[in-house]
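Shared chain: subunit A. Partners: subunit B in the first complex, subunit C in the second.
What follows is the complex of A and B.
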């Protein structure tokens, strides 16, 4: 029986290992056919921004991995509206994450769901397991 | 560990995965396969090349489930199933094919 796993991402992508570790765990959970959701709140929204350049910190960028989430059937990606706004960001600043619906001839569908703080708390209520990174 | 191919020596980890992805050449795959009594056919190469392209784009080695789905889409429904992939790569399409392709072991593969 698949459980509902929610991974909450709160930190900027680099500087700590949290974002990358979360991504690894997400992929492992999804490979085991669990029902996986992701939430990006606070500085966590920076993990999804496009055009990241990691040259200055001498690290490899793991941005492309987010684009593969759809292949793992990870297509419930909640981004908190307030967190984006507080940082002067909009959906256009984020990578366009999609998944392909096999049942509809691989039609591409958006994975990112923009939700308000209160909507997100309802989503969290509905989960079996919540992991915070 | 190491593997010999093309008159050169390539460093691998203890499970036989290439240490440096950029070292990869088709001859490395052939040599790895030969060491496991496997002769690579065009069908094998289709999968190996797909895996290399996938890694290039997303920087991860896809899990078997993802590989199966993607193969079905790109190479035809009749190939997008684990029976077909296991016949080609009896040691496990994820592990064996990724190894030949010079990729690390797939994420979520234990």
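What follows is the complex of A and C.
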């Protein structure tokens, strides 16, 4: 039986390597047919913001990888509402992440689920394996 | 209980490895099985055999090596994280045409799949650091 894997992303995309190396685990993990969720909390919400340009810091941008997560069947992406608000962000500041539902004639659906801190804690409670980055 | 550990921070800079070593000892003493210890992020630096900690300080490398020998622990270093940080074993040294290697005996280099597999197979996956 598949286990529920949750990857919690807590850090800004650049400045430290946690976000990038978290993505690497998620992409490898996608091959294991487990029930995968991602959560973005704290500064982690910056990982999903759109219009990123890393030219000035001389690093490759991995922003486009988040858009591809749907193709890896990673389509439960929880974003904590309070974390967005605390940073003056709204859903409109984030990339529009979607996935295609095979069971509904490949209808395009939103991957991002905006949840409150207490709702997210219920989601975490329900997981088998929680990896935090 | 079958327990897997993930260690995300380098030695001395961060307490993650100290805590993981103490946890491992305590878990084994209680009769639990340590399924695997997976080193990721800067945690891969725990696998060097070239470090020289001050003599009046704890030697984390010796502690890992001793624990590994005594309990036949599966100490796995993530290859992607290791290559970025210059952690390299003899096979990789040859393959990449490098002039040295630095992985201590008792550690093995492998892929991230080993972390996911540990999450699947173990009853608990405990993350240290980050």
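A few notes on this one:
Operating definition for what follows: the second predicted complex is superposed on the first by the 133 of 133 C-alpha atoms of A that agree within 3 Å, B and C clash if a C-alpha of one lies under 4 Å from a C-alpha of the other, contacts with A are read in each partner's own complex, and residues count from 1 in each chain.
Simple rule for what comes next: contacts are C-beta pairs under 8 Å (C-beta built on N, C-alpha and C of every residue); 3 or more make two chains touch, one makes a residue touch a chain.
What you are looking at is a predicted structure, and each value in this text was computed from that prediction instead of being measured.
In the superposition on chain A, A:85 makes contact with neither subunit B nor subunit C. Judged by the touch definition given at the top, the superposed model places A:72 against subunit B, while subunit C stays out of reach. In the superposition on chain A, contact of A:132 is made with subunit C only, not with subunit B.
By the touch criterion stated above, A:122 is placed in contact with neither subunit B nor subunit C.
In the superposed model, A:108 lies in contact with neither subunit B nor subunit C. In the superposition on chain A, A:18 makes contact with subunit C only, while subunit B stays out of contact range. Legend: residue contacts after superposition of the two complexes on their common chain; A:64 is shown touching subunit B, with no touch to subunit C.
On subunit A, the surface touched by subunit B in one complex and the surface touched by subunit C in the other have residues 24, 28, 31-32 in common.
Within the complex formed with subunit B, the subunit A residues making contact are 24, 27-28, 30-33, 60, 62, 64-65, 67-68, 71-72, 100, 102, 106. Those residues of subunit C that touch subunit A in the complex are listed here as 6, 8, 40-41, 80-81, 111-113, 115-117, 119-120, 125, 127, 130.
Residues of subunit A touching subunit C in their complex: 3, 5, 17-18, 21, 24-25, 28-29, 31-32, 34, 128-133. Only residues 57-60, 62-66, 69-70, 73, 107-109 of subunit B touch subunit A when the two sit together in their complex.
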